[in-house]
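Structures incoming, each one as structure tokens.
Two complexes, one shared chain (chain A), two partners (chain B, chain C).
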Partner chain A sequence: MKKVGILFFIVTAALLNYSCENTLNPNAPFRERYVLTGIMRSDTSLQVVTLTRSYRPADGFNPLTNTQDPAVIGAEVNIWYKDTLYELRDTTLVRQDTSHYKDSVHCYYVNNLRPEEDQYVDIEALLPNGLLLQSTTKLPDVRPYSFFSTGNDLVIPPVGKDFVMVRWDTLSNTIFSPRINIIYYVKGSTEMKKWPVPLYYITNNDKTTPVYPGQTKINFVNLSMETITRALNEISQTVSDKSQISISEMDVELVVYDVSLSTYYLSIQGGLDAFTVKLDVPDYSDIQGGYGIFGSYVRTVYKMKFTNDYLKSLGYQ
Partner chain B sequence: MKTLVTSLKIPARLLFFILPVFMFGSCNQQVSVTPPDLPPPNGFIYIASYPEGFHIYLDGKARRRATPDSLTWLKTGTYQVTLKKEYFRDTTFTVSVVEGKKETAFVDYSKNPTMLGSINCTSNPSQAQISINDSTTNMLTPKIIGPILPGIYRLKYHMDKHRDVIDTVIVTSGNVTNSAVTLVDTTIWQNYTTDNSGILSDNLTCVLVDKNNVLWIGTDKAGFLSYNGAVWKQYTEANSSMPDNHVNCLAMDASGLLFVGTNRGFVTFDGFNMHMYGFRTSGLPDFYVHAITFDNNDNWYIATQGGLTEAYASSEHGYWFTWDTETIPDKWITSLLFDNKGMLWAGMKNYGIARRGLYNSWEIFNYNNTRMVNNNVTALAQGPDGNVWIGFDQTALAGSGITYVNNSSWNNVYPIPQQSKTNVILVDRMNTKWVGTNQGLVSFTNAADAVTYSYSNTGLYITDITGLAIDGKGYIWIATNGQGLIRHKMGY
Partner chain C sequence: MMKNFYRCKSCFIFLFIQIFFFGIFSGRSLAQEKGTIRGLVVDSTSGEALPFGNIVIPELKTGATTNSRGYFLIPSLPAKKTFTILISYVGYKTKSENVYVSPNKITDIKIGLVPTNIMMQPVEKIGERSIEKNATDLGLQHISMRNVEMLPKGVEADIFRSLQYIPGVQSTGDVSARYYVRGSPSNENLVLLNGVTIYNPFHAFGIFSVIDPDMINSVEFYKGGFPAEYGGRLSSVLNIITKDGNQNRFSAKASSSFITGKALLEGPIPYGSFIITGRKSYSTEILRKFLNNQDAPINFYDASFKLNYSNPNFIKGSKFVIDGFSSGDQLISGNPLVEDLKWSNNILGFRWYQVTDSPIFFDMGLSMSNFDGEVIPKLSSAKPKTNNVTDLTFNMKFTYIYDSKDEMHVGMDVKDLDTKLLLQNSLGATSDIGSHGTNIDVYAYYKFLRYSNFGANAGTRIELTGLSAAPGSSFRLSPRVSLTYNLSPLITLKAAWGIYNQEVTTLSDENEVISLFEPWIITPSYLKPSTAIHYTTGAKVDFTDFLSLDVQGYYKVMQNIPTLNDEKILDSDPDLVSASGVSYGWEFQLKYEKEPLNITASYSLSWAYKDVNGWVYYPRYDVRNSFNIMLDYNFGDGWQASAVWVFNSGLPFTQNMGYYNKFYFNDFYSDWQIYEGYSPYAILSDKNLGRLPDYHRLDLSLSKHFEISPFKFSLDVSVLNVYNRKNIFYFKRDTGERVNMLPFLPTATLKIEL
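On to the complex of A and B.
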């Protein structure tokens, strides 16, 4: 009987030891999540929305092992704008970049909606499984004749200054993406061409690099005449005969993001101050019931003319 | 081990029970677990209506649904449902939804009087039979039909010896829609359009009836037509010697030779052969020919924008003479008339009337020396009593007058619509004056009793009258610009 008791004790201890072993899995339990992405634009009547689902990579780690687009097909996607319902239709597009997904791009679109400034756009996506994704965006209020400052320079070069400054109104919780372009034509062609103008050039180890504006909360651009002159001279390097180029104007093209997109860019870019925490892209969402981003932007342009004397001094006619 | 067991004096049976408990409890771990995903809400509303096809709104937002249909995946709660359909008033009601249960809503619009409308059907003449959406009814006009569901209704009115009239009306909730029609009495009126006959244009410029009761009709862009009561024929630049497809005037001489004035000269047509007289190729002073007439000696008189020309019969119409502006002050001659005394009347666009007497002397009559309506003469006609009637362009004025000349007495009467342009005047054997204007047709014996023909008393849209002619069967033929040709039995 004693032997039996000892044997029982040993077996039990062994079982006890074995039973506490557990396999360590670094992956959390997989749960399917849904992502809605759509940017409403005021400069086109074609609005596109994508719906995708999260997925577990085939090998558990590398997302590139999944080559099938995780799009959600068969959802009912509706947009409301000014009390009108716009029913988005689903379609497929030929994928240009097949480095990851190999099949077609699935998306939802509407081609008769051109939202205006200062207007709300609501979206709902009812997925085939009954999940509802919702969001709202309000387009920034950018009225072209009041948005840019009335005292901005109209001609280049400005009188008595060696720089050009273009200001615009600040909008709360909104960031801007300015792009400066010189508009020109090559004689014999009616195609309008754009030459991007940097904010400035930096020189490092005798190598000069242009620095273009990015997303910013700053409500002005300041360009030195030296930068503008350099950009103008670069245009002429694209042709053998400078007289073939007709310089039209310089535009400050301003993309103004709505609050959602502004918050998104500020969250993922960080760098506003030493205390800002930079988020990963998937961590930001303004979609109720899912993930993703539904935002909007408007585009507006401020135009400035060059003086004939200035263009002639650079060899342009 | 033996020592431990024995020294602690733990009974083996007790170990047998304690160890599994210890074994079970020893592996407890504190693990943070994400709560499970909740299933989507499964509230459900089925919404139906009579009639069907109402757009469904949920809490003020349009859904991609129309009755009968269902709204699914709803959370538990109270929802405001609105049904909308064109011509109906909106209907809003609330539905309480509980997840896991199916709610049903049904709206019968036919039971709600405020949702219905009606049609007030009247006709001239009355007692016309009414059909609704191609279904015959026993209802006769005047009749109020309803209450009925809102929507588009196709009403047909029928009466013996009258042309059926189809009227499409829209009925809306809570409103009475009027459907007032006039049935064309086909024993009196008949119209010929490109929709109901072989006529090749609805835009006509003039009409003439020859002694065989064949109609000759000028058109705006389709040359000229003939109609013998059965067959329509067309003469254009493409199939004849016509120099232009716009016809300004028609005339026929005593021999039955047809003259067709166009914007590029004129042609003569004897039924087989056509001969063209153009600017520069003949003695015509201008391209535009507006009127043609003849005297008893078969001399031709051609009114153009470049003057009045006479082509002499004695030279087989090979010699042409155009009066200068010292004799006839306006080059632009709009109308011509040989009266029963042999005097030639020429209506001028801006200078009144030029009249040639029996001894080739010309007199000029205008507003200043006659007080005629104005100097913009457009039409001339003579009645059986010898009175000459003159029509005018008053589109820029507020006038409604025409002038008649009784021997040497000039008089104005005012039977036609304000600011209308008289295009043509015809006086029949009963001395009834028929005045075709750009605003409709007017007839009168005494100006005070003038009758204006319109949709309300004929059933026809009689608007821009461009030509009038009487045949030998007692019909007056009315050419219109836009409404084709109309035939009216005289005496009614």
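On to the complex of A and C.
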């Protein structure tokens, strides 16, 4: 027995002496890759594209230790839209967040391109090393007169029901980003103001929190009159005299992503529960020859008017 | 073509029936001037059946082993004579009994063995070699609950964690009790509780199993080459039989660990017995150690009951059993911005066992197994996940033992399965899968045991109708053969071959190292049912009665393995793609068992490959070298100690090829983020081509058993990772932070028995 004890002691001591932590090399040989990021917008004529290269963390582990801006400068970036070629120019902007990179932000832009719904936009980026990155996006088809349902409510409050519903077309594999605003003016000012309306309010531990619509595949919003009334009352709390407020309308503003941008958006959301640990997350990209995203979105609005009687009942003129 | 198919089908069924009845009647004709002893071996204090015990008739140098219900049968004995039989069982006093063998009759006996206090004195083990030498049991391991209790305990004694010390069985870390057998994914393991499939047998994200060891009577584990009796999985079978309950007196047990409190109540009822167990979490503080110090205030419970009724005035030789099991885990938050998680298993079974005046054993059962799992996102960003599985199974089995000692087994399984799954993958694509199927299998196998130095088990399983609607899922044959040959009294050679089919799968993500539960579905109709072929060979060398070496080699080919489609982007894309796999290796187990010292050393050298869409890679559970040594020592006077040292060469992981700055955005209403809205994102190299550092860990345990009348106490103190080895679990790609597995961790358990 004594021998067993001695043997056990020797083995344990030997193990204790053994290195308690092996170093891990998480890196395979580095191979440079290139990234194109561009979102074509229907609400502006300024279109911006960024080009960067991949990098290796300075300490081998933490990518945030890299402080050298990986921007690719000197590339030829071209966009084709409706048989017209747009050559993007490169420029620099003052960086707002200098905690990571100190240099200016490098990007490529064009300021006379405003793509329309249901149209294709093609991009090609010829890098200084001769590598070509390519992609195509098609803006979603959201022409307002056919996109929103004809049966939607036009006035608030609607007749015979205590909720307002706005519905639009279902587009497969498409993300919608709705935002509901009450448009109002403060008398004496011509500035249009927006008051965001939540979908509903939740109460937890005696604290009430508004829940605003998020990005979704659902093709409608539904608001109770109680929520709308509460939002209208909140507007009046920003001024001392309610008569100073002139309520104009309620808008459902909708940003509709194209299929690529929708998939990309979902891929960056993670969305795992708090406990699941996933090591290798698939990376979505629609860039031929590299990484990144070339997508598009369209912004559209559905407007509703308030009845005078309803506004008066809340104390508005 | 179809005509030939139906003709062939009819031929097989006809052949099947022919084999069974011809076998029985030809067997009976041999039974002249001979007699048979049939016995039931039980614990004399509780009446609990003692499975896998040894029975020897020294005068004839023959014997038998009790089955999982404690029965044995020794046929073809010279009649009109009295023989002395020796009955032995680890932890019990060996008993000698004289039995008169009546001619052309079965002589029934019931033997009660008196337990020795194994903590106080050595136990005996006799005659094992002479009985088992022609057993066709390649790949089979009987797991003793005593060994499970002896192992150092992290959270609780756990049957699933004890499997990981068997060569050929791998885990992917301290955090999970999930196990991988011979290069197969965990969803190819069949887990049976009293013959009923249990779909998600894990508590607390897989940290330990739902099956409380206190309720277990016997455990059989096939790591491959299992007989035709078992179907529905490609890789392994874990068959757990629970206790019947004390038939002689009422008794109660209670115990407490750092995480749960549990109780057991058992006792006699008229013509039977009952047992009720329950376990409930009350603190999950220790789970933080398993989850990288993350709070996991999860509530869980498991409960079981079993009722036995055996009234000779009702049906002679019958035994009726009703059993139930329920487990549940939930993490419910009152905060609407935090998701709720819950999952549960529920099982209800009825079984009828019958022995007859002829050497036939018969049993029939009806059972229901249900699993429900759910992630309710509420207003959080978590993605919804719902899985419901309802399994209704009817099965029956006949076993006939010939005078020659040969055995014929015939049975039928009818399984009606309904699965529903709703989830969203990491690319946001939704899966809404619901399917229903009925599987009817018949099987037959013949055990050729008439020669003491040779044994064979040959048979087949025939799938008459499949669960899956895929073409080719009906009328499939799964032939299997297992052979044993005693080269010399010391050396036994074994080999096995078989075809195995599976028609259910989990939509589990290989890349998740911690996951809530694995959602089960019937294999979609666009994939062929999966198939595996096992080739196994082995040798067992018994150097002495106390020292043995078991060597096994295997080669396994798997086809049509459903694998999660990582490239599913659109809702309409398939959830699963078909993969194939190959695994092979060698396993060695050296055992020294002589009280008061037991030593088991295991080593396996293995390779596993998986091929998905032409890309071949090492799956995460591919461990090249695995070694462990277990040592336990009985000091006497109630003191016992054990030590386990485990070494595994590094697990595969995917290396980084670099990082790029990826564009992140919340919406397009606020400031335009395209200039600076970027964060580093890893570019992955070829899948699983890197290897993590080697894993090793030493665990110690010391236990003391003592009595303060009328209570019996058992105190166990364990220390995990004694030398605080920093075994890496994974590293966070976004920060490069290293996350290690269990640190130095002392735990204690107190058990009180009345």
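Just so we're on the same page, the second predicted complex is superposed on the first by the 278 of 317 C-alpha atoms of A that agree within 3 Å, B and C clash if a C-alpha of one lies under 4 Å from a C-alpha of the other, contacts with A are read in each partner's own complex, and residues count from 1 in each chain.
We adopt the following convention: a contact is a pair of C-beta atoms (placed from the backbone, for glycine too) under 8 Å apart; a residue touches a chain by one contact, two chains touch by 3 or more.
Here the structure is a predicted model, which means the values were calculated and not measured.
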Checklist outcome for this item: The answer to whether chain B or chain C touches more of chain A is C
Checklist entry - Is A:Gly188 contacted by the first partner chain B, the second partner chain C, both or neither? => result neither
Next on the checklist: According to the stated criteria, A:Trp80 is in contact with first (chain B), second (chain C), both, or neither; which is it?
Outcome noted: first
Next on the checklist: Taking the superposition on A as described, I'd like to know which of chain B and chain C A:Leu131 touches: first, second, both or neither.
Outcome noted: first
Checklist entry - Given the touch rule stated above, what does A:Gln269 touch, chain B (first), chain C (second), both, or neither? => result second
Item to check | Touched partner set for A:Gly151, first chain B, second chain C, both or neither | outcome: neither
Next on the checklist: Let me test your reading of the model: by the given contact rule, A:Arg31 touches which partner, first (chain B), second (chain C), both or neither?
Outcome noted: both
Next on the checklist: Once chain A of both complexes is superposed, is A:Ser172 in touch with chain B (first), chain C (second), both, or neither?
Outcome noted: second
Next on the checklist: Quick check on my understanding: which residues of chain A belong to both its chain B contact set and its chain C contact set?
Outcome noted: 1, 4, 8, 12, 15-16, 20, 22, 28-29, 31
Checklist outcome for this item: So, in the complex, the side of chain A touching chain B is made of residues 1-2, 4-6, 8-10, 12, 15-16, 19-20, 22, 28-29, 31, 76, 78, 80, 83-85, 87, 122, 126, 129-132
Next on the checklist: Show me the residue ranges of chain C that touch chain A in the complex, using the header's touch definition.
Outcome noted: 205, 291, 294, 296, 331, 334-339, 341, 375, 379, 381-383, 424, 426-429, 509, 511-516, 566-567, 569-571, 597, 633, 635, 643, 645, 653-665, 667-669, 672, 674-676, 678, 680-687, 689-690, 692-694, 696, 698, 722-726, 728, 730-731, 733-738
Checklist outcome for this item: Residue set of chain B touching chain A in the complex reads 1-2, 5-6, 12, 15-16, 19-20, 22-23, 26-27, 29, 34, 37, 39-42, 61-64, 72-73
Next on the checklist: List the residues on chain A that touch chain C in their complex, please.
Outcome noted: 1, 4, 8, 11-12, 15-16, 18, 20-33, 35, 37-39, 41, 48, 50, 52-57, 59-64, 66, 70, 93, 95-97, 105, 107, 172-173, 175, 177, 179, 202, 204, 211, 215, 253, 255, 262-263, 265-284, 291-293, 297, 299
